[in-house]
Structure formats: C-alpha cells, structure tokens
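In this document, chain identifiers A, B, C and D correspond to the written order of the chains, with residue numbering beginning at 1 in each.
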Amino acid sequence: MTIALATGSVLALTGCSVANTGTSSGADADTVRIVLPIEPTTLEPCDATLSSTGVVVRSNTTEPLIERDPTSGDLEPLLATEWEATGDTEWTFTLRDDVTFSDGTPFNAEAAAFAIDRAVNSDLGCDVEGQMFGDADVALEVVDDTTLKITTEAPDPVLPLRISFIEIGAPTDASAKVREPIGTGPYSVGQWDAGSKLTLNANETYWGDAPAFATAEYQWRSEGTVRAAMVTRGEADLALSLSADDGAGDLGLNYPNNETVALRFSGDIAPLNDIRVRQAINYAIDRTGITDSLYAGASVPADQLVPPGVVGYNDSLKPWEFDLAKAKDLVDAAKADGVPVDEKITIVARADQFPKIAQMTEVLQEQLGQAGLNIEVKIAETSVGLQYQVRPFVLDEGAIAMIVQHGNQAGDASFSTDSYMTSQAQMSMFGSPEFDALLADAATKTGDDRQVAFADALAYERDNLVQFAYIARMSGVIGKSAAVNYEPNSLSGDELRLAEITPAS
Amino acid sequence: MRTATVSVPRASMIDDDVVLTVTGLNVDLRTPKGVLRAVNDVSFEALSGRTLALLGESGCGKSMTAKAVAGLLDPVADVTGGTVVLGGTDLAALTPKERLAYAGPELGIVFQDALTALNPVYTVGTQLGEAFRIHEGLSAKAAKVKAIELMRRVGIPEPESRVDSFPHQFSGGMRQRILIAMAVALNPRLLIADEPTTALDVTVQAQIMKLLRDLRTESHMAVVLITHDLALVAEEADTVAVMYAGNVVETGPVKEVFGTPHHPYTRGLLDSVPADVGRGQDLTSIAGSPPELHRIPDGCVYQSRCPLVQDICRAIRPTLEPDGAGRAVACHFSEELDNV
Amino acid sequence: MSRPPRNAVQLPSGGRTVAPPGTEAIALPRGESVADKKTSLFQLLLKDRFATVAAVVLVLVGLTAVFGPTLMGDLSTRQDLGATNRPPFSFSDGWAFILGSDSLGRSMLARLVVATQTTLSVALPAVAISLVLGSLWGVWAGYHRGWRETVSMRIADVIMSFPSLLLAVVILYVFSPSAANIVLILAVTRIPIYLRTARAESAELQSRTFVDAARTFGTKPNAIIRRHVIPVVLPTLLTLATIEFCYVMLAESSLSFLGIGIQPPDVSWGLMVAQGRQYLQTAWWLSFFPGLAIMVTTVAANVLAAWLRIATDPAQRWRLTLPRKRLLVRLPVKEVL
Amino acid sequence: MLTFLRRRIVSSALPLLVVVLGVFALARLTGNPASLYLPLNATAEMRANFTAKYGFDDPLLVQMAHYFGGVLRLDFGESLRTGEPAAAMALRAFPATLQLAGTTMLLAVVLAVIVGCWAALKPNGVADRISSFVSMAAASVPDFWLAIMGILVFAITLGWVPTSGVGGATSWILPIATLLLRPFGVLVQIVRGAMVSSLSEPYIKLARSKGASEFRVVTRHALRNAAAPALTVAGDLTVSLVNGAVVVESIFGWPGIGKLMIDSILQRDFAVLQAAVLLTAVSIFILNILIDLGYAGLDARVRPAGRRKKSSRAASVVVAEPKERKIHVQTTP
C-alpha cells in the first residue's frame, strides 16, 4: 500500500545498480579464485610490504630484482641474474635483457633505477622505505641497459635482501602512487571492482613460463568462517588467514608462517623494571597449554623473537619452562626487596591482530595473576593499540606488557632487532647500552660471523635483559579446495605466488 | 429539496408493510464477570413508512439491539437467540459473509457521532460512493457522480465542489447529513438511526430529523430510531418500545403509551419531564439507578426502583403481555398503575 | 416542522467504568476499590499463561543478575586449558559443566550467569537514561511547540544521522572501553527515538480539551506536562522502551563483534556470542546459549510489556479477562509456540 | 507544498552542517592516523612528513576551513587508504546499501502488514500471540550470529544459496533475510497495535454497515489509518538499516556504505568518513521529507501548509453556513 509505495520510491531512487552483478560462483577451469581477509587498499608496488597489497602484487603483477626462497632463505635471481658487492658501499646488479612490462615498455636498468629511486628516495612515503630502508637513501647509477650500481650511505651487507623487497613497476609518475600498476610479472591487473572483486589476467608477454591459470580472481571476506565456507562450498579455491576453528576441516592446510607472538615489557616502569618480575612472568606462562588449546597444536612454544631459518637464530635457546612455584618465588623475592609487585600491569592487545588474541589475553591474565601479579587487560582497536606498540609510547598508564606479533620475512635477525630490541628502536621500550653495542657489532658482520654474533646477542637478551616473554611460534591455515594444487610456505600470507598454483587434474 | 435524480426507490411503495420482525432476541456479552445477558427476549416490528422508537436510558440495551439487527455487534457480544426477519430473510441465521449482501441495499444505519464515524483519511465522495462500488460494482467515477447526487439529496450545498473534501472540513450538521446520505444510498427497506442527533445542537437536530422524515416518506422506509430523548420520540415516532435493563417493558403507539403509560417505568420517565408536568405539580425523578447487568435481579427488572413493588415482583419476572389493542406491557400491576 | 420541546430531558447514564469499545451502551460492573485492583492485576497475570511464564523468566533473570555472580564465585573465570570446548549436557563433569565449557575450559553455565549481570547493567541503564532524557525532552518540545520543537527535532536529526559507530570509537578512544561508556554511547544514540515519539504525542495532546482546561485554571506548563501529558504518553514510551531493550542488547553484541564492546575479562551475553562465532562449526554451544539468553529475555520482556499495556489500559483490559469463544486451551502450549 | 519543501530544506541545512562538523571534529579526536599508514618501524621523520602532508598538525579550525573550502569546490578530499577521491568511494558504495536496505524494508513492510493485520483481527488470540512471539524472537537474534548460521546452514549444508558476495538473485537472499528480521519484528508490533486501535474506531462499523467485506474493511479502512505510525517507525528503521548494515555488509562482503564507514573509522580515513556521513545524512534528510510527504498523502489532516487549494474551499463552506457555525460555537461550553 502507501507504505510500500514510499519504500518502493526509496528503492527506485537508488537508480543504478550495484556495480558488478556477475555471479561469482561456478568453477571455471581457467580461473583460480582466492578469498582474502581484506581488500587490498592499493596495488602500488612500493607498498607491497603491506601484506594486504603484497599478497596480490608480489611476484604476480610486479617482480623484484631478487627473490628470497621462503623455505631455504636463499636469495634467488629474478629480474636480476647476478649481483655482487663492488665496493664497501657499492653493489652491482646485472639485469635480464629479455623482459618487457605488460604494456610493452622494455625493462632495463633505467626502469629498475626509477622504481628503486621512487620507492626509497622519494617523499611518497612508501611502505617498503619505512620497512627496509629507514632514513637511509641509496644512490643509483645506470651503467648500461643491464647493469645497475647501487651505493649506500654506510656499508650494508644485506642490501640485496633489502632490494628483494622492492617490486619493480613500470616507470610512471614519480610523485604520486598508482593504484593499478604495470609490472613484469606473470599476471597483469584486469578488472578491479572496488569493494567486491579484483581480477588479474595472465600476462601474454611474460618472459618466463606461462602460469597455469589464465585469470585469478580475488574476493575478500572479513569473517574466517565465511572464507572457509567459500572453499568448502567451492566458491573459492584458496582462502587465506583461517584459524583452526573456522571449519575448513580437511581442506585447511597448516603452515608455519614465521610469526612469533610475545609479551613485550615496558622495562622502565615498576614493577616491570625489576628483572625478577619479568622472569617470573616468563615462568608463569603455560606455553604448551596455550598452543595446544588455542591453536590445536599447530603453533609451538616460542624460544626467541626470530624463527629457525633466519640468520641469527640461536638453536641452543629453549622455551622458558612453565614453573609457577619459581614464578611465585621470584615475585616474592622482588617484593622483599621493595619492588611494588602489587602495582597493576596492563596487558595490551590489538583486537583481531591474529586469531584468538582475545582468548590468549585472558589466559595470560589468569596465569600471571596466579604468580601473584596484579594484571589488567586492554584490548584496543588497531589505531589505539599502535600507540602502545610504537613510539611515542603511552607512558602514563603504568607498566605495560604488550602482546606483539612479529614476523621476520627478510631472513635476517637484524630486521627484528632494529625494530624491537635496540634501546631506541621504534618498538622497543627499553634496552641496554651493552646490548645495543652487541647488536651494532653484529650488524656489520657477514656470513657465519653474522650468524654467531646475532645468536649470542639473542642469548644475551634472554639472560640479562628479558625484554620479552616469547609465547608462541605461530602457524597459519590456508583453505584449499580439491580443485587446485598449492603448497603453502612461510610467505604465503604476504606473497601468494599465483604461478605456484596449478589445477588438480 | 431535489430528490428525483436518485434511482427509483426499491423499498415498498406503500406504507404499513411489515419490514422487520424481531422476535425473542437475546444478546449475550462476555465480560470479566462472566457471560451476561445484555438484551433479553426483545421483540418488535418495524413497518414501512413508519418510525419505531427504541427508548431507554444509556445502558438499557437499545443500541445493542440495533447493532444485533444490523449485524455490527462487537466481538464480545453474541446473538444467542431469536430471529431478525428482514424482508422475509432471517438475518440472525446468516453467516457474516452472507449478511454483507443485505448491509446497504436492505438495511442502513446512521451513527451517533459523525466525526468519528467517518473515516478521516478518505474524502466524503469516496466514502459516499463506496456503497455503490461494493454493491453495484460502479467505477470510481460513476460512484462519484452518485455521491454528488446523494449529497444534493441530503441538502449539502455545492456538492460538486465539496465531494473531494475530507470529513474534518465539514461542520457537525453537514457530517451528520453525509452519514445519513450513506445510510440511504441504496434505498434500504430499513433505516436504523442510532441517536442520530445527540451530538448536535437543537436547531441542527431539527433539520436532521426533518431530513430523516422526508427520506422516510420519499422511499417508504421503515425507520428504527434509537434515542433517550422522550421529546424526540413524541415528535418523530409512530410506535415506541421502552427498554429497561435489556428488556422491553412496554410497547405501543407513541400517543397511547405516552398518554396512558402502563408501566411504572414509562410513567416515571414521563413524570420526570418538566414540560409534561402541570403547574403546581412537583417535578419528580425516578429514584435510584438502573441495575448493573450482573446484578439484574431474578424477578422484575424494575423492582429496585418501582414504587409499586410487591413480593411477586421479586419472585417472578413479568412477561410482555399484549393487550390486543396494539400495546403490550411487562408488569404485574399495569392495571393498578392508573390508580396510583 | 415542529420543534422538539426546548426543555426535553435526556435520560441519565447508567453506571459504567470499564467498557469494551463499542459497547458503551451496556452497564458493566463498577470498578473495584484500589486495593482490589492491585491484587486483581496479579490475578489477571496468573490467568494469562504466556504473561505468567514471561514474568517468571524475567524474575529469574533478575535474580540471576543480582545473586548469580556471588553464587558462582570464581567458577566463571577458572580456566582449564586441558578441558576446553567440552560439549553440553554431559553429566560426567559435574553441574557446572552441564552447558559445556568454553574455549578456555571455563564453565559455560557460570559465565552465562555472570554475564547476566553485565548485560543487564548495560542494557537497563542505557534504556532508562535514553527513555527519561528523550521522553522529557520530547514532551517539553512538543508541549511548547515553536522554536523549541524545531530546534529539538533538528538535534534529533543530527543524532540520527550521526554514525553511532564513530561515536563509540571516539568515546572508547578518549576514555576506556568500560561498561559505563558503552551505556553512555547506547543511551545517547537512542535518545532521538523517544524524543520524536514523545514530541509527536505531546504536540497532539497539548491541543486537547483537558490540557486547555488545565491551562485556563492557570496551571504552570511544567505541572500540566507532569499531570496531564506524561501519564498519557507514558504507555507508548514504555512499549517503545521494551523494544529498545532488545535493540540495546543486540547493539552491545554488535559492538563486541566489531571489537569495541564489553572487554574481557568482563563478560556479557553479547560478547559471548561474538567470541563464540569463531567456534560455530566446532563448538556451537559457545554462542548458542548466550544468544538464547538474549532471545528468551527479550521475548519475555515483550510478552510481559504487551500484557501490561493491555492490563493497564482501561479500554483494553477486558480483553484479558474474557472467557474465550474458541479457547486456546484446546491447543497444547507446544503447538501454540 | 513548495513552501513546505523550502522551509524543510532551510531548516535541515544547519543540522547537516552540524553533523559534518561534528564528524570532522570527533574523528580528529581519535588521534593522528600516522602510525596506521606508516610502517611499524617508521622513523620520526616519516611521521612528521606524513602529518605535515595531510595537515594533521594544523589547528582544528584551520583544518576545517581547508576542508570546507574544498567542499565548496565539490572536492571532498582523498582517501588516505586508497588515494582515491573520497566522494567517488562514497558514491560507489551507497547504491549497494540503498538497494539492500530498500529491498529489505519493502519486504519487511509488506510482511509486517500482512502478519500485523492477521494478528490484529483477533487481539490476544492465537494468531496474535504466535505472530508476536515469532516476530519478537526473530528480532532478538544477533545479526552476525544469524548471518554466519545462515551461511553454514543454507549455503554449506543445504547448498541453496551462495555463501556471500554480490551476484545473482540468490546472493541477495541471506543478507536480506538477516537484515529483515529486526525491522519485521518491530513493524509487526507497530502495525498490530495501530490496527487494533484503528479497527475499534466507529468508522469501521460504518464501513461494515455499507456491506464492505472483511478484507475491504481491513485493507481500505483500517490499514490506511494505521499506516501513519507504521510509516514513522519504518522510516526510523530504514535509517538504522542504512547506517547500521555494517555487520551484515562485512560478513557477506557487500560493498556498501556501512562497511565503508566502519573501515574508514577504524582506519582513520577521515575524508572518506566525512563523505560517507554527509551522503547518508543527506539521504536520511531526503527520506524524512518523503516520510512527511507520505504522511500528508495518508491523512489530509496533517497536510502541511502551502497546499491550500482545498482549504480555501473549506473556508468558503464555513462562510456558506454561518448560522450553523455560529450556533455550534455558542453551544460549546
């Protein structure tokens, strides 16, 4: 009646229809369908270190000069065929000569230099700059079409590793980011219906082997249950970022994702300023209980910030044992020395940072409480959580034990220690001059010396500083339908190489 | 007043035909205190071209009787006995659906409060035309023409321009005319007028009663006038049925009943009207108030207020006894009444 | 036409207090005394099985909220990582685990009981605050009309078109995500609902005769509002409040879903449903029981409110007391449900 | 009518401005978004650059002046997240939400009218109780729970509908069903209540006395009168659907304005948030005007000033019957 008419007219006002109304179900042998937790905000190659962007972009639409093997950690040639240090601060890269961008623009040293300069030296605020280069700029010299010289301000033994994070996009605007870049990868950006779907098409002029699927279709759903459901129902071939309880069942593949979860202490604020309290916390945590009950045994207790396979990993360190009595003794001892152990310690966690973070927070509160500490919890949305996580820190709320999750994707411990351990690091709340010196020394070393130096530094942190209570080495779950073959690796959440996916039949 | 444009009256062309016969009508009311008898064994006849008045105080069951005849009882009230024969059909035996065919063409009803009885969201034209649309299947346009004719018939000025107005844009008297127009739209045999003038002031009341009278004469309808106004009954009705506590206590031609009341209640009513009291006589009123439905005594319904009450009145309820001369009364002592 | 006698006397009305609509002309029993009326309201309640059940449920929920947390002690927080997600209705683990255990091995029953208090202590104050503020404001605006009405309605427009989620994020950012702040957010964002309804009713009432009459006696506006407007508007607003009670519980649960609701270790039904959604496929009971609790409480509140509305309305009360023509009795309760 | 519209627009412009100003100020209370957009180990210099680039260190009034300067040139700023024009993002997302909300409300109203009328025919009867019980129970289930359960049952177990996404007709079923329940439940109560009181009005008896069938009585006479309160509530519910479809949109991957808004809030994407709020506020404002017009269409008594063709006629009639009018006035005590 009239109400219906009024509502009807509202409906009619909407005029045009929802952008894309093509159905998304129904398997197509030429298309691989992937469901992500969130929509990439951009496909800009210099932001590919953001995992939402990188998972689509890296080694799919654009490629770096060098890529790192996620399993062995070795650097492999890609757009560059070889590279060597040609001076204290100078590296020379030899590039392929048979590559063109998907729009036909030739790939050469000029293009590579443009891309690196744009990512590292410009004011664009590229994510890769912040992640990998910091304030340091690099000088680029194009020797000829296939030779590129890169000079750093200070000696940098891991420059090739850093370079491996720079995706090379076709020369475009140096002063603005591009949403849909042109690259050299096996795929190029097809249709992007913002909000609902993104399609990549195979790049017909690709220099390497053609990928198995002609198109790749990305969708995004925020709920893990829904992503899992899409795979079980055959609406998607791969679903990323699942958890054990999302219901993917047999279609869920576990893989270690290199992420380490830890409690990071504000070691300058009482009562966390006493090392015995920090040690007590380490003893009070039932790590096995957490990994078994919350993660169904797919993750394991963590012993240090970096996972095995990373340069600097110390394989002699073992996870702290669960010993409540010892924890209580340590707290009592601190108390006897006048440490205000009754002051509250707030466990801060970022909501939805990783699966079951809220439950983990509750477990930690319970377990630390049993050691005789006064624990409160605060689960904050990301923006608020970041104020506790990075400088300038929130310092007026008493002692903070922040739950952090760190993934070292670069394969070198220096990337972790620079961010989390030196006393002035962006995400470290305290340190010591001795420790800083150890790390600085290690950073200049190469080869086996580097491994030993960082491993010793990590042992020093554990014995003398206790900046962290390491909790779990995480694992990820990818849902995979029976229609495709794919073997997840530690990088899968950040770099999902479409070329590695093949039809099952 | 122009009338000729409306279709030829279907009601009887001559007066004094029996149009409606109500016999032994019982209406029960489901209430929190249990099932109560609201209308008890009521019988009357309505003749074409004549007006029957149902007279009584508020709550005596006269409106309930009218609604039972019209089939408009509330869900809590049920007809539990008796017949309502209109033009040869017992309406009480019909299903609500079958009744629809009679509502309008055979029977019209005029309600008391025209403002609430008219639907505020439709124009009067729409509402006037509705009966034609329902029963004669006319188009909206044709129904509107009929509506204008009807408005003219009941004396509403400028009907062509007012047909699209809404009820709230009319005065009280005009609204009542519209209600009457609706009731007579299909020239029913029987018109029930339920306190049609109570909400109006005296001058308008007279205009409305004249309209009703004219319409009755024109189409030889039988009119059942429901009122508590003795003067109105005296002016307008041919016969009267006096009701008390759900029962008809006295009935007969108005002149006779009002002239020589045979029931103490009728007598009491008449005595309380100043105009009928001779100079020097005391103005009386009936002591007490009518019994509530769940406290109606076993014997005579009027026993608690009756000046003539005897033991027999408390034991046996008098039935309505016809006197053979067109009158009937329900009182053990009706003959004694004249001597009081 | 002869005129009716000017001095015609109209007959007196019969006594009546409570009448079904349309049965005005029938004398019905006179009203009982006030004391009688109160007991009869209770008796009336007992006559209506639906309403009785609803009342019992609400009383139980209320008692649980008041005494439950004390009775449960630390049972609701005692974790057992070795016995997580145990299914419900197994008697082997003792009464505390009759509804199973949650993802940290805590007793579902104990947590539901403790959550009752949090849930009600968010929902009830939120509804009460917005009801009181919104209604008074609306009645005031509607009574005075003019600029006060216009300004109030535009303010309501502002609140209505304001994204309540932004407000939630801001308040939780500037302050901390506590139950009190969630009450504040929910209360503020729901004020316009009452404001608009109260204004409309009050604007209509202020032109009525009995308000006019009060005005001619020189009664002050506030007194008129208090004595004549509010009592008339109140039933509508209370009905609205019952519906809002449901809305507020759901909104709190939606905030939890978005991670900005009640924060652990506090626990509310909404938070339990939100957290349990991760386990829908493996442990349905984690979100099912708290969801059921929300539903049962809401339905009970609405059934009782609907009943109360009829029971306190003189024009409708009779409906409850009628002997039925075709009785519900013939239908077993199960089928009716 | 034009006068009414003009007055309505003028009196609503200010609230719109207040909404946008409020969103502008409140959003900036939630802190500098730099840490969200920069790498975790970004240097202080990068932070300073970012802040300066977007003017987040300017005084609020300066930022506001800057923003509204842009708005006057129809420049609503760019998204921090995607770099796209904020207005384009909001306009792109809006139709999806409006279609979803519009279809949902249409269905909710139609169903609620049917069920509400059915319930009102016998107040307190079996139908009334069942419908009241079912509608309230339906409306009290948390929507995200319902959405996920719907996916598990109807998409996975039964395979009738797709799990999520915007596609063919079947992909609309679950989101609409999820969104439908609350408006439906609330509207059933409202329609029922309004119908009960409308059905007890004397004009219903009048319609019956004309021989109108029960269907005609309910649909033509009672419903039209009961429509006004239902319309108000339906309007409010539509507003909360447009504003509050966040949960359903996120779960079903529906690219609507609710999802855009919550993402913008959590990501401190101020320009997009402002554009989205402005767009919804304008649409709510239009909706409210439509509701007012609907009211006027439903009931001549509340027709706003300005459309005076008919009332001039009414006035002339009062003049034509001065006597009756006068007497009427006199006899009113």
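The criterion applied here is as follows: a contact is a pair of C-beta atoms (placed from the backbone, for glycine too) under 8 Å apart; a residue touches a chain by one contact, two chains touch by 3 or more.
Quick caveat, the model's predicted, so the values are computed rather than measured.
S.K.: Have a look at A-D versus B-D and report the one with more C-beta pairs in contact.
M.R.: A-D
S.K.: By CA centroids, point me to the most central chain in this structure.
M.R.: D
S.K.: Going by average Cα coordinates, which chain is farthest removed from chain D?
M.R.: B
S.K.: So what's the Cα centroid distance for chain A and chain B, whole Å?
M.R.: 89
S.K.: In whole angstrom, what separates the CA-based centres of chain B and chain D?
M.R.: Distance between chain centres, rounded to whole Å: 50 Å.
S.K.: Need the CA-centroid distance for the pair chain A / chain D, whole Å please.
M.R.: Taking the average C-alpha coordinate of chain A and of chain D, the gap between them is 40 Å.
S.K.: From the C-alpha centre of chain B to that of chain C, how far is it in Å?
M.R.: Roughly 46 Å separates the two chain centres.
S.K.: Out of chain C, which residues touch more than one other chain, so two or more?
M.R.: 21-22, 169, 173, 277, 280-281
S.K.: Going through chain A residue by residue, note those that touch at least 2 other chains and give them in order.
M.R.: 223, 225, 247, 381, 383-384 - these are the residues of chain A that touch more than one other chain.
S.K.: In the complex, go through chain A and note every residue touching chain C.
M.R.: The touching residues are 223-225, 228, 243, 245-247, 286, 289-290, 292-294, 351-352, 355-356, 358-359, 361-363, 365-366, 377-381, 383-384.
S.K.: If you look only at chain D, which of its residues touch chain A in the complex?
M.R.: Touch residues, chain D against chain A: 30-31, 33, 35-46, 49-50, 53, 81-84, 89, 92-93, 95-96, 98-99, 102-103, 105-106, 109-110, 113, 148, 151-152, 155-156, 159, 162-168, 171, 219, 223-224, 227, 230-231, 234, 238, 250-253, 255-256, 259-260, 266-268, 286-287, 290-291, 294, 297-298.
S.K.: Which residues of chain D touch chain B in their complex?
M.R.: The contact residues of chain D facing chain B are 122, 201-203, 205-214, 216, 221, 224-225, 298-301, 310-311, 313-314, 317-318, 320-321, 323-325, 327-328, 330-331.
S.K.: Please output the residues of chain D touching chain C within their complex, sorted ascending.
M.R.: Touching chain C: residues 11-12, 14-16, 18-19, 22-23, 26-27, 29-31, 123-124, 126, 129-130, 132-133, 136-137, 139-145, 148-149, 152, 182, 186, 189, 193, 200, 202, 205, 232, 236, 239, 243-244, 246-247, 261-262, 265-266, 273, 276-277, 280-281, 284-285, 288 of chain D.
S.K.: Show me the residue ranges of chain A that touch chain D in the complex, using the header's touch definition.
M.R.: Touch residues, chain A against chain D: 1-4, 6-11, 13-25, 41-42, 49, 123, 125, 127, 129-131, 134-135, 176-177, 179, 193-197, 219-223, 225-226, 229-230, 232-233, 235, 247, 381-384, 386-387, 389-391, 418-419, 425-427.
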